[in-house]
Every structure is written in structure tokens, then in C-alpha cells.
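Before anything else, here is the set of structures, which you'll find just below.
Each of the next two complexes has chain A plus one more chain, namely chain B in the first and chain C in the second.
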Partner chain A sequence: MDNVRETVLEILSDLTGSDEIKANPDINLFETGLLDSMGTVQLLLELQAQLDVDAPVSEFDRTEWATPNKVVAKVESMQ
Partner chain B sequence: MINLQPYENPMYFGYLLIGLLPIIIGMLYEKRFRWYETLFSFCFLVLIFDGPKLGQGIALIGYTIFEVLLTWGYVRYRTRPKGANKTSIFVLAVILSIAPLVVVKFTPLFDPQHPSIFGFLGISYLTFKVVGMIMETRDGMIKEFNILKFLQFLLFFPTISSGPIDRYRRFIKDYDRVPTKEKYLELLEKGVHYVMIGFLYKFILGYFFGTLLLPNIEKIALINGHSNVLGLSWSLVGVMYAYSMYLFFDFAGYSLFAVGISYIMGIQTPINFNKPFASWNIKEFWNRWHMTLSFWFRDYIYMRFVFFMIKHKVLKSRIAIANLGYVVLFLIMGIWHGETWYYIVYGLFHATVMILTDAWLRFKKKHPDLLPSNRFTKVMSVVLTFHVVCFSFLIFSGFLDKLWFGFR
Partner chain C sequence: MTISNIMTQIDRVAERYPQRICYQDGLQTYTYAQLKIESDRVAAFLQAQNLRQRAPVVVYGNQTFETVVTFLGAVKAGHAYIPVDSHSPKERLVQINEVAHPAAVLEVVDLPLELDGPQIIKQQALKQVRNQGSLTYDRQQSVTGDANFYIIFTSGTTGVPKGVQISHNNLLSFVNWMLADFNLYEGIRALSQASYAFDLSVMDLYPTLALGGTLVALDKAVTDNFKQLFATLPQLKLNEWVSTPSFIEICLLDPNFNQKNYPTLNRFLFCGEELTVKTASKLQAQFPDAEIYNTYGPTEATVAVTSVQITAALLKKYDRLPIGKAKADTQMYVVDETGQPLSTGENGELIITGPSVSKGYLNNPEKTKKAFFQVDTQQAYHSGDLGFIDDQGLIFYRGRTDFQVKMHGYRIELEDVDQNLLQLDLVKQASTVPCYNDMHKVTQLVAYIVPNANDYTDKLTLTKAIKMALGQAVMPYMIPQRLVYQDKLPLTINGKVDRKSLMAEVNQS
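Up next is the complex of A and B:
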């Protein structure tokens, strides 16, 4: 489980280019502008490639994926 | 026969109130009278599409039958035991679902005098809903087709003429549920509040800017415009502000009625406007302006386009893909508004501003010490965004067409 968490946080840090992700995993990715639609699509593709989690665009609801912690929870629930 | 335009006159609200009473009373006893809700919706559809609008009513019936068959067929195809999911069938389903809208939208190009006989009030918004359903069926998120629920969703009359655009899975969650009395009282209070704000926006502020102010400033701007080639004058700036305010208050007011009436019926239709003029950049603006439409374009066009381009490695540069995505999105949005030069320029203008904003954000990330982030810079960015948006609405208004080419 910890492995998933680490991978997700790593992907998010790479995509946003921000240290905030690991320092503050409850930060709102969309309200802060860290992640936009382009970033979201890249996130979904990375999840597919690295963790074999198949999340279609329809699955993506910004409120459910709003923070790094929520993304981790979502990915864990889909594995 | 009485024919009513949705939310346009006091009579419509009077009938609404009478029709809503049994629903409100039922909900207070934690009951939904499904047959009454259906009858109520049906009566209002008749009121909107009868008499002089009968042609539109018949078009609506034909359209509904077509989309029912199409969606039913596609859901059936996708839920076959062998798990069929061909891209060609999906593309065909999407093309067929938008075909009626495309015909209606392009008829004026060939025959400007007569609107298409297939057209009716709200065809765009119904089409958006159906296309959303087909995409979610493709993604495996919608797994069954229930004709009654589909009709309730598609023809939900509070939002039929101009949205907000709801999503099937969200709508059905509300429709299937009967809220507790406490929860319903909360919805009722919010609903009534939204309708009241809607009155203020549409019938007072929208009326003031659109009916009292705008035509007068337009007249002055047309006269003053004669003094130079581009027709520039200070009154043109006035037209820009007055039109922008009118557009916001009129449409936000209408949307509040639709959302408010939905809430009173126990359906939490998503809101359409969230203080758009307080946005600090254009990306934020599109998260706050006509939200259900911009989210629809974001989720069903932009994100899918970008997903496809990256996955199939059509272009290497992510920046180029994002920028191309903006052009595709806003060009389609512009053409959807109508095939005139000013709607298309409006779309391209917004695509350009989005691209420049992304470039600016990247630049700022690389040079974090360039500008301080304080109250002053924040206010300046809101003021700048507001003016960029108002300028785009001046293009959108078509007034420049009148000003520049009106003499023809």
C-alpha cells in the first residue's frame, strides 16, 4: 500500500513541479492551479502506465480527486 | 391555447407555483409522486411547445424518439456479454447523436430566411446531455438503459430551454432518492432563494442594462462611430460594459430560475455561474462562467482530445497539444453559437488568451521572484481579466458587425 502512495505522490510532484505535494498532501490541486485539465490527463495516463489503474476520463470528478491524499485513496480503491 | 416561453413572464411563474405545490407538500411528507411529476413535466412541455410553437413540438418528439433509439442501441451494444467496444461504432454513435443539431445549426447558412424544420428551443442542450451519456457509456460508467429515467433526464423541463447541462448519473442519483424532510427543507429554502435572486438579476438588473441602457448607448456609439474608420468612440466602451452586464445578469438570472425550480423538485441541478467577474485569470474565468457548458466542453472535448493525442503520440510537445486543444475547443464553441464571423472570432480570441495565459504561467513558474503576490497584483489581475472578458463579449454581441458593416 505504501508503495502506491509513494508512486502517486511522485507522479503528482513530477507533473506539478512542486514540493508542496509531499509537504502538504491535503492541498487542493485545482483551486491552487497546480493541476489543470492537461495535467489531469497526464495523471490518468501515468496511473495507467505505472500502476495499471484504468481510470477513464468519465471517472474523473474534480471533487473526488481534489487533493494528493484523495488521489491516493481513489487509486487504492480502484486497484 | 396558451403558449408560454420559459421564465419570461409572470404567468409562467404563476403556473409553476400551482404545479409545484403538490410536489412540495409530498416532499415535506418524504414522498415523491412519480406519476404527478411526470404529468406536471408533460403539461409544461405542452405549454412551451403548443399553439404557434407546435412545429417545434413535433420536431422535439421526432428528435426524442431518434435519440432514445440511438442511446438504447449503443448501451445495448456496449453491454453485450462479449464486451464489444469498437471505436468506429462509438464514433458513429456520437456523429449520429449530434447530426440533428448540426443540420439545424447549418441550415441558416444555406437558407437564411427559414429556420430548419427540425429545430426546437433547447435542441443544443438536449444534445449535450445525450453526447455525454454516449461518452460515459463508452467508458463503461453507464451500464443500463431505462427509457423512463432517460426521458425524465432528457426532458427535465426546468432546464430544457437553456440548461444548466446536468449529467445522467448525477441526475438519476437525485431522482431515485427522496430527501429527508430536513434535507428537503434545506433544498426548498435554497431553491426559493435562487429564484428570488434570479428575479433581481433577470428582471431588474438585466432589464436595466439590456432594455433601458444598452439601446441608447448603442445609438450614440453608432452616431459617434462615423468620425473614424474603426468606429471607435468612448460610447463603444460603454456598449461593451453595458452588454457584458446585461449578458451576465440575464443569463445568470435565467440559470438561477432553472436551478431553483430543480431544487424545489428535489433535483440539485448544478449551478452555472460562480462570481465570474472575480476571476484572476481566463482559466479561472472558464471555471466560473456558464460552468456546465464549459465543463462539458472541458470533459467531453478538450480532455478526450488531449488524452487521444498523448496516448497515440500524435504530437510530441505537451504544450503544442494543450494549445491545439484550446483552439479545437473554442472554435467548436464559437461555431456552435452560430456561423457568423463574430462568434468564430470570439472563440479564437478566447483560445489565444488561454494559450497566452498558459505561456505566462509557465514563465512565472520559472521566474518566481519576478512579481510579488500581494493584494495589489491580485486586484490588478482581476481588473485585467474582467476587461479581457468584456472585450470578448463586445465581439460576441455582434455590435461591431452593425457598427462596421451595418450600412450594407
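Up next is the complex of A and C:
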């Protein structure tokens, strides 16, 4: 489980170029502008490649993926 | 079909088919009769205001029918419009106001600040005009010929945006080409997703209205939330898709985005950045019967000047797709650093000459002189784009002569980002560089920064403070994703910041 968390945070840190992801995993990724639409696409592709998680883009609701912690929970629930 | 006047053509559609739908925004639809009546009212109102003759007006708006009405009203009254998106930061409005000296600002959406100089037409007043104003205006004053139709602001290297002046004749050349070469048809339903502050939107706006078609708006809030986006898209019953390649890449992630589920969608038009073989191939696989067009052009030459239909044969033949051939009324050639024409296959700067090339930048003779010149009697433009022309006459794009980049379709001058960073108290030196993926596309901007002495104890809060301050001045897409702090930046022999070495550092691996 911890491994998933680490991988997700690593992916997010890499995409946003921000250390804030790990320091403050409750930060809102969209409101702060850390993640835009294209960043979101990258995120979904990375989750698929690294964790074999297939999150359908058509089911992607921003509110459910708004913070690093929420992304981790979402990924864990899909594994 | 060839048209001779854009506004006359749209009015003609309204007279012939008053009940046809010109605009759809969610469940709300608007007819051509409404478009004509409301834009006539806006024109009559503006002509009664004693504005400076031919002076431009700012239209502060969003992805709505009211915004389009206001554009047309301004042009009918005899004023070029400057579209400013309500998602822009305040500072951009201030900068545009300073450069353009508009005679008026028309609020489709409430302004977020006070502006000095122009007459402000309040949102409420404008609404009242649209609903019950006088219909009579003087058509003799409407924008025609070489008078400016719209002015779109784009990134400038000094930190101040440049206003590209597009005349009625420029736009007419573009629209007639669209009507002739893209197999579009009367009554077509076209996606209107690109912000009206970007000239990509002109690719759907005027050709669709000239064809008596329907503009189907897709708001930024919907585009941003994928679940909503994919619930909305199939309901739009689109025929024609106009977007950046970046936006179609999002849509192609959904396996249900295909011909079976979108049976009416049969034209795809792309502009604004490189269309990759990968994206085009995937689109073709999901929409085997649709016509896909790649186009290219700078805002300075009115939206686009080259096109090519993407076929299976083309996708097989090339690793990087051609941008196509110049439109019939336009010539393109390639020159070296000294301006000497190069021959077939040789790489150099692309020069564009023809009737859709702008007269230049508004109130900026210096930058205009640098980028524009005349060939015989035709206006010509130094695109700053590198490329070559092959023996078939196909043109290929291969990068930039300067530090302008395209990210997700947005045009960004790296020097512009630097200049705005340098305005901040926290920043002593800054150099912004693009990070590319293996498809030659920019995925991130990285700013190397030498900070001034400050009270921030860690990089996180410093980064947050800098990004927030920068966000007050520039469009959101211009804010670098990554800030890297250094004690000093590498210099070239000439003592300038060595951007190329920083670019190499970011893009190693």
C-alpha cells in the first residue's frame, strides 16, 4: 500500500514540478494551478503505465481527484 | 462560394433564414434573426456614443452568444474589437488598455477593475441595449477594406503584449479560403471551444456564420472537468471540430470518442501547434470516414495560411507531418539569416506574403518594422518559424529562429515570461526554458531563478509566492510549472544568460 502512495506522490511531484505535493498532500491540485487539463492527461497515462491503473477519462471528476491524498485513495480503490 | 463582405454575408443569412440557429450554449439556442437584431442594436448604440472614429473597442467577455453579438455590433458600428477573455489576469487588461488606447470597453462580463481612459459600457447597460435598443445605424461607417476588423493581443518579448491588427480584407481572404478548401457545407455545426481571445477561434467563428451554420459553444469549465466534458460532447451533434492538437489528444483518451458514437462528426481542423503522426493516426483509426486537416499560420497572417488533408498515405510516408501548401492567394518561401531565398529542401525562415498578412502591430512601429515588409505591393511577414519546402511544394515546420514556444497551442515568448518574472521583487535574474517530450512538443516551462534576498525559509513558500505574484501579471499558461533556484545563471561569451545551455540541461536524458 505504501508503495502505491509513494509512486503516486512521485508521479505528481514530477508532473507539477513541485515539492509541495509531498509536504502538503491535502493541497488542491486544480485550484492552485498545479495541475491543468494537459497535466491531468499525463497523470492518467502515468498511472496506467506505472501502476496498471486504468482510470477512464470519461469518469474523471475533478472533485474526486482534487488533492494528492484523494488521488492516492482513488488509485488504491481501483487496484 | 466566394463572399465579398463578411458582415453583409452574415446579415444575408439572417434575412434568408431568420429562424436558423446560429449559436448553441448548453440548452440555450439563438437564431440568426436574434444575431442580426442584437448586433444592429449594439452598432446603433455605439454610433450614438461619439467615440473616436475608427478607434478600437475592448470586448471583455467569455464563450457566449452575447460576446459574439458584441463583436459584430462593434464592427457594424465601424470599430475594430479587441477580445479579452474574462479568465485573463487584471494586469493584462491594464497592459492592453495602455497599448491600445481603446475608445470604449464593452462589458459582456463585469470588469474586475477600474480602467483609466476608455468609456466603460457597463454589463447591465449593454444588456439593455441588446434587448431594446434602436436598430438604426449608419452602414456606411461599418468596417470594410483595410480598416481593422479585430485586434488580437499576443505575447511580446519585452513583457508587453503586441496587438496584431487584422483588417476586413485580411479576414475576407482567410474566410474565402476556408469556404473553398475545407469541404465545409451550408448549415454546418461547428465546435466553438477555443477562447475568442485566441485567433484559433476565428477558424470556427466566421466561416460557420458565413455558411449559415451553428456555433456550438463549449465552455472552459466543461472542458476542464473531463467527466462533464465526455457527458456533454456526444450531445453536441457536431459536424466540424476545430481545436488544437492538445485538446483532441484529451478526447482521444476516451475509447468511446469514435465514429460510431459521433456519427455526424466528419471534419477535423487543427491549428496552433504541431499535429503529430501519433495523434493523427489515432484520430483516423477512431474516425475512419472523417476528413482531417492540418493547418499552420501565425496570428499575424490571420489564423492560418497553409493546409493539408491528412491521409493514410501521408501518415505512412512521414515521421513529422507537413503543414501543407500555402492558400491560393498567398506565397511562401524560405530565406537564410541574410534574407537570401533558399532552394528546395533547404532549411531556413518561412516568409509569408499575401492579402491575409496583417498591416502590423497596433501603436508599435518598431516591432512592426522588424517583422513586416513589402514584396512588390504585397504585405510580407517574417514568421520566425523554421522550415523547408520539398519538391512537391509541401511545407514542413522545424522549429523557431528565436525563443518563442507553443505549449498546448498557446504561443509564449520565453523572454516575455522572464521580463515579467524580473518585475517581481523576489527575482534578481530569470531565464525560462521549455522542456520537450519525444514528440518535439513542449510539456513544461522551467524557470531558472536567482532570487533576491528574502525572508522565506524554504523553497516551497518562495515558489508559491513567486507563482502567485506572476499570476497577477500574465496569463495562467505562461506561469512556469517548475522553478529552479540557483546562485547564478550561466552566461554566453557576450555576457547574456545562456538560455541554450539551460535548455540542454532541462532536456538531457
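Observations
By definition in this document, the second predicted complex is superposed on the first by the 79 of 79 C-alpha atoms of A that agree within 3 Å, B and C clash if a C-alpha of one lies under 4 Å from a C-alpha of the other, contacts with A are read in each partner's own complex, and residues count from 1 in each chain.
Please note the rule applied: contacts are C-beta pairs under 8 Å (C-beta built on N, C-alpha and C of every residue); 3 or more make two chains touch, one makes a residue touch a chain.
Quick caveat, the model's predicted, so the values are computed rather than measured.
Once the two complexes are overlaid on the shared chain, A:E59 sits against chain B and chain C alike.
After overlaying the two complexes on the shared chain, residue contacts for A:V41 are found with chain B and with chain C alike. Chain A has more of its residues touched by C than by the other of chain B and chain C. Of the two partner chains placed around the shared chain by superposition, chain C is the only one that A:D19 touches, whereas chain B remains out of contact. Comparing which residues of chain A touch chain B with which touch chain C, the overlap comprises 17, 33, 36-38, 40-42, 44, 56-60. Contact residues of chain A toward chain B in the complex are 17, 33, 36-38, 40-42, 44-45, 56-60. Listing the residues of chain C that touch chain A in their complex gives 223-228, 230-231, 246, 249-250, 253-254, 256, 408, 443-444, 446, 459-460, 463-464, 467, 471, 476-477, 479-483.
In the complex of the two chains, the chain B residues touching chain A come out as 135-136, 139-141, 283-284, 298-299, 302-304, 306-307, 310-311, 318, 321-322, 325, 361, 365. Residues 16-20, 23-24, 30, 33, 36-42, 44, 56-62 of chain A are the ones touching chain C in the complex.
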